[in-house]
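What follows is a set of structures for review.
Note that chain A is present in both complexes that follow, paired respectively with chain B and with chain C.
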Partner chain A sequence: MIFSTKPEMATQEIQPNETLTNLKAESDTLKTKLEDERAKLHDVELHQVAEKVDGLGQFIMKTRRTLKGHGNKVLCMDWCKDKRRIVSSSQDGKVIVWDAFTTNKEHAVTMPCTWVMACAYAPSGCAVACGGLDNKCSVYPLSLDKNENLAAKKKSVAMHTNYLSACSFTNSDMQILTSSGDGTCALWDVESGQLLQSFHGHAADVLCLDLAPSETGNTFVSGGCDKKANVWDMRSGQCIQSFETHESDINSVRYYPSGDAFASGSDDATCRLYDLRADREVAIYSKESIIFGASSVDFSLSGRLLFGGYNDYTINVWDVLKGTRVSILFGHENRVSTLRLSPDGTAFCSGSWDHTLRIWA
Partner chain B sequence: MCDHRCFVYEIVKMSGSSNLVAMKKIVQQLRFEASINRVKVSQAAADLQQFCMQNALQDPLLTGVSSSTNPFRPQKVCSFL
Partner chain C sequence: MTIRTLRDYGQHYRPRMACLKNVEVFVVEMQDPKSGVKGADQKLNVTIIPHVINGQDVLAWIVTKMKVTTEEAQAFGTMLVAYGYIYPLQNHRKLVLVPDSTLYRFQTPYFWPVQKWPAEDIDYAIYLARRNIRKKGMLEPYEQQHYDNLHKWMNPKWDFIVMQATEQYKANKERKKPDRVVLDCQERAYWIVHRPPVLTFDVVRRTNIFLTQALMRSAVKSSVSLTAFVKFVTTHHNHDPFLTTPVPSNPWITDSDEFWQLNSRSVDIPTKLSVERWVLSFWELISDPRGRVDFKLFLKKEHSAENMAFYEAAEEMRWGAASAIPEKSQFIFNTFLKPGAPRWINIDGRTMGLTVKGLVVPHRYVLDAAQTHIFLLMKKDTFYRYLKSPVHKDMQKRALVPAPHVFTDAQLEANVRNRNPGISPILQWQQEEEEKAAAAVAARPIDVKAMVATNKLDRK
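Here is the complex of A and B:
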């Protein structure tokens, strides 16, 4: 934002002493105060607290299934609550529903656009949502009849003014949360397509979002090209906390299972952990040898492990408490673009620009 | 990821008041953020650690899951005597 340093004429809503200069000065004071308040409570590092915790033993995970079928880069995936089905979306314009146990394709939809950057499974398992360069989020009910044309039943729900970067159902099939290249997030009613709430505050494209675990209440976190991660109140639309320590785009955000923290992955080649109650970054997961961006992150069920998919084709596994890398997983032949733990925590799935998805366990 | 352009949000300075309104919103947001209650990192870190420890045994990737319960792991071949 560009601000003039000259005092401006007062308007009727603005008090006479609230000139631009005064407000700018107050803004600077408040920013310094925020930094000071956060610094005061920074009495120790997370990895210091965790020194007495047992280290993790040798960690071996292998590719157990490879899902082949997309004709171009896989951009997004999501698990069904039944722990076996997966929906994935690709630059090829297709959205595919897989049975991950058998690797069979159960449904396929061709979208009217290429670069389907977002997809999500409905909690009921009866529908999927997706979107991308079409600037929309559409919901497709899944039919038991495999011959039925899914595209015919498509329902357009969300409309943004730029690409759809991420979408997620809330705890029911009735509402969808979206993030967009237009710099906003939005909450929509699926049935009517009505906009229920919009979230303004990012200064550039929003690339990712994650809903807080249902026990912690109605909040979600978003990350963007403005290097900020924002935590939002879903009901009021207010940004309640904001974190700006990354040095580049934030590609992925994911809540810690307790809901008290979240992790982020960024083009600055680091993943970071932010604690919501301490209101600050509490850990950085990085190595000098890791120079490519992290595209996607997720936690194991206990929150002890953080999985990060990177643009150098690898998946790094981090000990969240100690800050050290536990394992590095090879297998993909191009960037890892998306990564999610299965609902029961026994495996995770990664999607890549190499056109495949892999199940690791 | 396709080339996403970063939007640079510029305030078009048709009149000074739009700048002022935007700036006032920023200040209000900062006042709100500055006022929240925070805990010490030592406390927050201890709680994160406690959550990990309490849930470690329920974390299949930490405890290791046998083939019989993990559908993705290959079944060991049974040999009949």
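Here is the complex of A and C:
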């Protein structure tokens, strides 16, 4: 496509008094009004509320497993619901399924493209999805037979017009949510490859997404190169909330365990916490000595700790409530590109450009 | 001299400018003749190299300036070398900061990573500058925006750009008028494709609709929502393995997977911690597979198992394959919704009416209203009765409190050697599907007529 990829760009009829200047003026008035309304509810800060909470003690977090086997930069990883298996993808096109507990490799697939930037484990544990520079998201059913060629059963599900930056299964193996460098997110039916819903609103590449853990399970958040984090309603395709406080690309977004907030990690070297009910940013996790961008973030099970993988090869652990840094973890020999907590919260896994994955506990 | 290009095709194609801008502030300070890192002339082989610094001094400067630990300063220093702001004189390949007398030099700003602009931006800047020279104020509003942006970002190169633009303008004047017009059109078309207008009516209109909707939505006071976070953290503190050591032990630390075995879906007696977690909320109860089993047991005793069955069937339809929707909706209607259905669910008339009407043309969200109603019913009523029930109280008494593992070094080593491979999730899934199928068969109502027909009912 030559012009914009957004179909709604076709202009509607312009009313006589509706000039661009008038519309922009209306925008500004509405924005100010919204800010005023939100400011009225802004009666306390997070660290004030957190004063009554006990401080955290010293943490001993070490690398408990190092998974070596990728021949190039590890770009993405995801946990299986069985709490011990993971899938990881790398720049050389390889997607590997590991039993991280025993460090054995269980399956390996070679994608036809390089830079597999997204991978996800299906909720049933029977398939994995991955994609990257091929602009597609493909699903590979896993097999108990070690000799079976997984690539033979590959199913192409999503088709975007630019690279695939993130993908995630919803509550079942039958639907996948994807985000892409073409500025859109999309929901797909795995079996038929049909596009169920598309989400337009980002003005630049969308880099990350996360599904809400709530009871209703109808929303997800996405972050993009336009510095915005948008919350979407999966049913209608509408953007219901938008936050633009970061100063650079948002590399990672993750919901707070209760579903009422989410954290984001950005190239501006900060991680931020956004309160969905109060509709505003409530905390910034930064330090003068942290200059390099955060590539990936995740919460601990209770939401007290925020783990952030950074481009300066380190992992910083933040106290979410008090806003302080609790620990800094060294070990990777290159940029940390991906980080996720295990499903039962007993450990988290970090993947790096140094070709390895590490399990920390 | 290694000049590193920062086209990282990692998560996105563009160089990571934001952090590099901050880094450059530091690098400039480091080179300050008075307060920066001290450099000296150094004789290397035969040549004398001016302004050489050593790793130790760099590290010490970072520690003092940024007030950090040596470890952190080491990490940051290595970043400076990795990105090419400082380069090692001898060992070119290894781009690490070594905190001893290893020699380094500062890279000249011309080669700093930020300078590697994609060619298109330079061309576009020249194009816009040239348009400006021709007729001041001839740029469209969006072009003016682009121009201002480029002027900001490319300031150091601006003289070069204006120079190029002037040259091109002069060369253009030499051309014949028709050629000039054609070239103008071609260029204009090219840039409209590669630098499309940023703001259109539709974008602004959509923003206004979004803002209006945001104003209509009610938000909550910070004191309320923030207190909720604190409450969540506090109630889940004991369940967070990073804050409270899991019992009997964290499998990743001791290499014993007993913790997973005790919390599995099919375990007879759950752990006390699990049971405590189920009490926290209805959602926690049904999210834990073992908890859901317990809840279903209670529902069976109460003879209201159809609610959970309906909820699960509706979830399956909502998240399932598009092709299965007509079949599933038919099954759900026949089993749960139609008058006289074998597992009829008790929802209010209005919701039932809407749902049945919607099922004429089923789509995946057609059961949303009914599903929400049933979920809320279970959450607000059934859940509390469950908590007071003998089933639950009995489970609370019987729940295990596993003793924490105390492994000797030898035992730990043995654990490493004997790590349990566990069951493949594929097998686990197959097992669960078989169980579900068996349960579905068992839940089907007995057809008396059919049994009589096959003489299963002995009437003697």
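Quick note on the criterion: the second predicted complex is superposed on the first by the 342 of 361 C-alpha atoms of A that agree within 3 Å, B and C clash if a C-alpha of one lies under 4 Å from a C-alpha of the other, contacts with A are read in each partner's own complex, and residues count from 1 in each chain.
Basically, a contact is a pair of C-beta atoms (placed from the backbone, for glycine too) under 8 Å apart; a residue touches a chain by one contact, two chains touch by 3 or more.
Since the structure is predicted, the reported quantities are computational estimates derived from the model, not experimental observations.
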Exercise. In the superposition on chain A, see if there is space for chain B and chain C together, and answer fit or clash.
Key: clash
Quiz prompt | Touched chain A residues, chain B compared with chain C | solution = C
Quiz item: Regarding the shared-chain residue A:Ser302, is it in contact with chain B (first), chain C (second), both, or neither?
Solution: both
Practice problem: Please indicate which partner A:Ser289 is in contact with in the superposed arrangement: first for chain B, second for chain C, both, or neither. | Solution: second
Quiz item: Taking the superposition as given, does A:Asp145 touch the first partner, chain B, the second, chain C, both, or neither?
Solution: neither
Quiz item: First (chain B), second (chain C), both or neither: which does A:Thr170 touch?
Solution: second
Quiz item: Is A:Gly183 contacted by the first partner chain B, the second partner chain C, both or neither?
Solution: first
Quiz prompt | First (chain B), second (chain C), both or neither touched by A:Tyr313 | solution = second
Practice problem: Would you check which partner chain A:Asp344 touches, where first means chain B only, second means chain C only, and both and neither mean what they say? | Solution: both
Quiz item: Should A:His42 be classified as contacting the first partner (chain B), the second (chain C), both, or neither?
Solution: both
Quiz item: Taking the two structures together, which residues of chain A meet both chain B and chain C?
Solution: 2-4, 8-9, 11, 14, 18, 20, 23-24, 26-27, 30-31, 33-34, 37-38, 41-46, 49-50, 53, 56, 61, 64-65, 75, 84, 101, 115, 117, 133, 165, 181, 201, 205, 207, 225, 239-242, 251, 256-258, 260-261, 275, 277-280, 282, 295, 300-305, 320-321, 337, 344-347, 359, 361
Exercise. Provide the residue numbers of chain A that touch chain B in the complex, in ascending order.
Key: 1-4, 8-9, 11, 13-14, 18-20, 23-24, 26-27, 30-31, 33-34, 37-38, 41-46, 49-50, 53, 56, 61, 64-65, 75, 84, 100-101, 115, 117, 133, 162-163, 165, 181-183, 201, 203-205, 207, 225-226, 238-242, 251, 256-258, 260-261, 275, 277-280, 282, 295, 300-305, 320-321, 337, 344-347, 359, 361
Self-check item: In the complex with chain A, residue positions of chain B that touch it
Solution: 1-2, 4-11, 13, 16-17, 19-24, 26-27, 29-34, 36, 38-49, 51-56, 58-62, 65, 69-74
Quiz prompt | Residues of chain C touching chain A in the complex | solution = 9-14, 16-19, 22-23, 26, 66-68, 71-72, 75-76, 78-79, 193, 196, 199-202, 204-208, 210-215, 217, 219-230, 232-234, 236-237, 239-243, 246, 250-253, 257, 259-260, 263, 283, 315-316, 318-323, 365, 368, 372, 375, 379, 419-422, 424-429
